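Below, chain A partners chain B and then partners chain C, in two separate complexes.
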Partner chain A sequence: MYLQTTIIAIIMVATFALASWKLKSPEISMVITAIVGALVGGFGFPSRLLVEGMFTYFDVGMIFLTASIFINIYSETGAMNALVRWIVKQFYDRKWLMLILLGILMIIPGALTGAGSVSIFVVGGLVASVMNYMGFTKRRVAAFIYLFAMLAAVSPPINLWAMLMAAQANMPYVGFNVVLLVPIVIIALFTIIYTGTSKTPERKNKEHILSELPLPPEGMNWFKIITPFAVLLVLILISKFAAFSIPVLGLPLTFVICAFVSAMMDRKRWDVRKWFGVMVKTMDQVFPLLATVISVGALVNIMTATGVRGLLAITFITLPMVLIYITALLFAPFAQGALSYGSAIILGTPIIFLFNSIGLNVTVTAAALSFLFPLGDCLPPSRIVGRLTVETVGYEGSYMSFLKAIAIPWLFMGAIGLLMLIFPNQLDFLVVY
Partner chain B sequence: MKNPQYLKILFLVLSGVLGLLAGIEFWELRHYKETVVVSEDFTEKVMLSQYLPSLKNTWGDTPIYVYDSGVPGGSMLVLGGTHPYEPATSLATYVMMENIDVTSGKVYIIPHANMSASTLGMLGNAYIKYYHIETTWGQKKFRVGDRNTNPLDQWPDPFTYVHYPSTQNLAYQDIRNLNRTFPGRPDGTLTERISYAIMELIRNEDIDIFFDFHEASLMYPVVSTYVAHDRSMDISMMAAMMLSATQFPMKSEASPKNLRGLTHREVGDFSNTLAILMETPEAFIDRVVGRMSEELMLEGKDEFLQTAAEKGLVYCDYDIYEGFPDALGNMIIGTPMDYRVGRHLSGTLEALNWMNQFFPDKAISVTFPNYVDVMNNGSGHYLHDPSKADPSRVFQN
Partner chain C sequence: MLVLMDTIIHYFYFVMAGFFAILLLKNLFKRERRKGLVYDIVYSYVIMVFILRVIGIK
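Here is the complex of A and B:
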């Protein structure tokens, strides 16, 4: 079985490399790789497995689409420009305070929903605009946004990796708040200092920036600026704190409601053609990302069917402990790149059991892993949060240069996660119930 | 560069064909019916919606098979298929239903506790659709489902699942996990309503002992275990000791009080019944296994899992080469279906035996094939030919 599965894995890797080189499309290459894998694995043409896999991340795709529609409609009303203008006016001379506020702003949507991508969709564009006007380089802006998106996903109350590992290991999802928040504060401060101490040679003076920023449309006011976000916050909070009093909305419908509210704030609110245009533009914008999550799902399903997923998982968890520590910073992020939240179940849960069997604190271990997995959200094949960051920031360099740009805070976060993984018992005082 | 129009149309057509081919398979799985020939002691079939009418005409409604001896005694409820991707649970209930003899008390059996979840595989896990059991009269085909309610029947998921009534936060997809939604709500999601209806059945019929059959991955510490509510601990501990000494290895654990939504906790807390959950080892659902196949489901032999076992990473005996001996001298190689079905059957009988001793006023007298029988003859030996059976005893699930 080892030999056969290894051969299938090699053929799949070769197919992916060849298809990517020839077709220049990672998405189509992934689907071709899945089909070849299934054929080599003896599954014939796997129509059911392909379609089933394509629906694995259906909800994720729906969130991407609807969140983008919301934020594009919000921008179309002019509210986003008005908000950026106000922030620049207030905080132009208070760089550190502004960076702290932008960091908190980034963390809130992801902390409440468990998805860093939601942070980027909802406030990433705003944060990027403000930082661009303040003269930060695109490299630093990208690093700031990517890091805070990851921290948002890890942050309590909703840390999906920890929740999934806890669910699989029959552990209650309690005691995680402090053990997550302390490292988050440390990493956030590092990222803010890393960003704030960078040079801003292209920084323009305040008046110049304000003259460049589009003027708010007539009738724009604070009520119109705040209401869509207030509705979003209220819907998220009542979904969590009044869950038994309302039907399950789900994030896609929540964003659709907020998009509608945003449109109603516009003077030309019934201009259906305008909103239709925004939606078409959004679909164009989000389509590559949707293609990625759909094709990753298909690929992962075939990797599972053929045993390649199992081969990778067994290889990692049967490494000697020292090698687990050494390679964790490699395996965990790449598993996330391939399996998204499935990484927590495939790799995370066995590690929890393994560490539990040798007397290591499993709550700290799960928290530690939840810092390592999101590092892979910028890695292939999916690169979901990485690509979102690139698009939101308008980063124009190669994807590899983007990875280099985020490398230092990325490694810092990895080091913190790794230290937590190595010393879970020494950190168990952070587990507060 | 923009793709030419014909290429877009070609992809659209190909996607349509792919969707159609897959759709046919999905439709077949969703509508495939398993057949059961109930034993002569069968009394009546009622639907779960009898206990919560809002379930009627939904995929949450499911048949309950009642075996009433007419002789005073206790009552028992058995759930199979709480997680349909643990199919030995439903198969064990079928073997029970086709052969049970009740001489005192009343028995309720639900072979597919979450019917909806049995109609789709787990997305991203490449599950097989069906498995087949050899019988003396031919092959019998059964569905392999998902862990959670089919999204076609309950969607969307929230971003976090808040358990009722504890308000504990759980992973979002657990809102469709029947073993996380107990005690349920009458006006909640479909899965919460299924839980509530089962609770109503337990409360209205005054069920004395409740069994929830499960299968576990071998890397899950609670594999091969009874998990018992506080009031059932004595029963499960004695039964585990007896089984380990005389038939197969069995552990016993207390239901954790701070882990909410599970049957062994909530059913015990929200009714007077003695709640017990049982786990058998199922290699197929381990996260590290190789190729997903019917053989893996039925035989449970996997080299990757063997490596994990050799490294001490599994929580039960496992050997795919030489096997391990049970207390009767059988060599168990892998995790064969008969072994798993037999464990549930004897696990139930042994716990019943101890309940009868601890609570004579609740005594139930039943017989059905046990571990020894199934290991000697195979599960298929106890499944009857529907074409030769009295049509009034043939049902479809």
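Here is the complex of A and C:
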């Protein structure tokens, strides 16, 4: 059985590599890999499994779409330009304060929703624009945005990996706030210093930048700039803290409401043709990501059916403890790349059980793993947050060079997660109920 | 009241999926980037997912 599943896994890897090379489309490569995997695994042409799988991340795709529509409509009203102008005017000469503020701005949407991609969609474009005007290279901007998107996803109150592991392992999701926040602050400071100390060869003077920035449209004011984001924040907070007093909105509808509010702030608010045009363009812009989440769902479903997914998990958790520590920085991110949040269930929960059986603190272990899994959001096959960062920043180099650009803060975050995994009992003072 | 609103929102999500299917269909026939046959196929199966959601099969 092991041999048969291993052969299927090898064939799937080879198919994916070949299809990616020949077709230059990761999305269709994943679907072809899934079909080949099913054929080799004896499932025939897997129509039902493919369709079921494609719906696995359908809701995530809806969030991507609606969040992008919201932010593109917001930009179309001119509010984004006005906001960038104001930030440049106020903070251009105070680099460190600016980086700290941009970091906090990046963390808020992801912390409230549990998805780093939401941070990039909602404020990533704004942060990238401001950093570009400050003269940072695209490499540093990409590293900053990617790292803070990961930290946003890990940050409490919503850490989906920790929540999934806690739910699977029958442990309460309590005591995670401090044990997550302390490493987040350390990693955030490292990333800010890493970015701030880099050279800024494209830095121009403030007056020159302000003359380049488009002027805000007539009638643009603070009310129009802030209201859409205020509505977003209020709706997310109400959904969390007054969940039994309001209907279940869901993030896609929340973003649609905010998009409508943004459109209402525009002078030509009833120009339906204009808004429809924005939405068509948004669809074209977000399509690779949408297709990726739909395709990766099909691939993961076939991996489950053929036993490849289980094989990967079993191989990892039956390793000796020392090897688990050594390979965690490899296995956990790649599991995330292949399984997305499923990595927490497939790999995370067995590790929690294993560590619990030898008397290690499981809250710190779950927190540590939740720092390791998001590292894989830039790894194949899905590469969701990585590709999103590349698109948002307008990074023009190869994907490999993007990975090199984020390597140092990425490894720092991995090292922190690994240290927490190795010394959970020594760090149990961070578990505050 | 909450139940009624939840039901309305539930159906609104179907409408939203239908609207996105129309946007995707428009981009399938008239798009500026990724014009090759490979992406025709990718567009097709992505649209199929939205249509299945609209007609309530999944």
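By our rule, the second predicted complex is superposed on the first by the 433 of 433 C-alpha atoms of A that agree within 3 Å, B and C clash if a C-alpha of one lies under 4 Å from a C-alpha of the other, contacts with A are read in each partner's own complex, and residues count from 1 in each chain.
Rule of thumb we're sticking to: a contact is a pair of C-beta atoms (placed from the backbone, for glycine too) under 8 Å apart; a residue touches a chain by one contact, two chains touch by 3 or more.
This is a predicted model, so every value here is computed, not measured.
> For A:Leu65, select first, second, both or neither according to whether it touches chain B, chain C, the two together, or no partner.
second
> Which partner does A:Leu253 reach: the first (chain B), the second (chain C), both, or neither?
both
> For A:Val280, decide between first (touching chain B), second (touching chain C), both and neither.
Touch partner of A:Val280: chain C, not chain B.
> On chain A, which partner touches more residues: chain B or chain C?
B
> With the two structures laid over each other on chain A, which partner does A:Ala305 touch: chain B (first), chain C (second), both, or neither?
After superposition on chain A, A:Ala305 lies in contact with chain B alone.
> Check the residue A:Ile192 against both partner chains and state whether it touches chain B (first), chain C (second), both, or neither.
Touch partners of A:Ile192: none, neither chain B nor chain C.
> Check whether A:Val362 is in contact with chain B, with chain C, with both or with neither, and answer first, second, both or neither.
neither
> Is A:Val393 touching anything from chain B or chain C once the two structures are fitted on A? First, second, both or neither.
A:Val393 contacts neither chain B nor chain C.
> Using the superposition on chain A described above, determine whether A:Ile351 touches chain B (first), chain C (second), both, or neither.
A:Ile351: touches no partner chain.
> Given the touch rule stated above, what does A:Leu290 touch, chain B (first), chain C (second), both, or neither?
second
> Where on chain A do the contacts with chain B and the contacts with chain C coincide?
After superposing on chain A, chain A residues 51-52, 55, 58, 62, 248-250, 252-253 contact both chain B and chain C.
> Can you list the chain A residues touching chain C in their complex?
23-25, 27-28, 31, 51-52, 54-55, 58, 62, 65-66, 246-250, 252-253, 256, 279-280, 283-284, 287-288, 290-291, 294-295
> Using the touch rule from the top, collect the residues of chain C that touch chain A in their complex.
For chain C paired with chain A, touching residues are 2, 5-6, 9, 12-13, 16-17, 20, 23-24, 26-27, 31-34, 38-39, 41-43, 45-46, 49, 52-53, 58.
> State the interface residues of chain A toward chain B in the complex, per the touch definition above.
1-2, 5, 41, 47-53, 55-56, 58-59, 62, 112-115, 157-158, 160, 163-164, 166-174, 236, 239-240, 243-244, 248-253, 297, 300-302, 304-307, 310-311, 313-314, 317-318, 342, 345-346, 349-350, 353-354, 356-357
> What does chain B use to touch chain A in their complex?
18-19, 21-23, 25-26, 121, 123-126, 129, 155-160, 162, 164-165, 167-172, 174-175, 180, 185, 188-189, 219-222, 256, 258-260, 287-292, 302-305, 307-308, 311-313, 315
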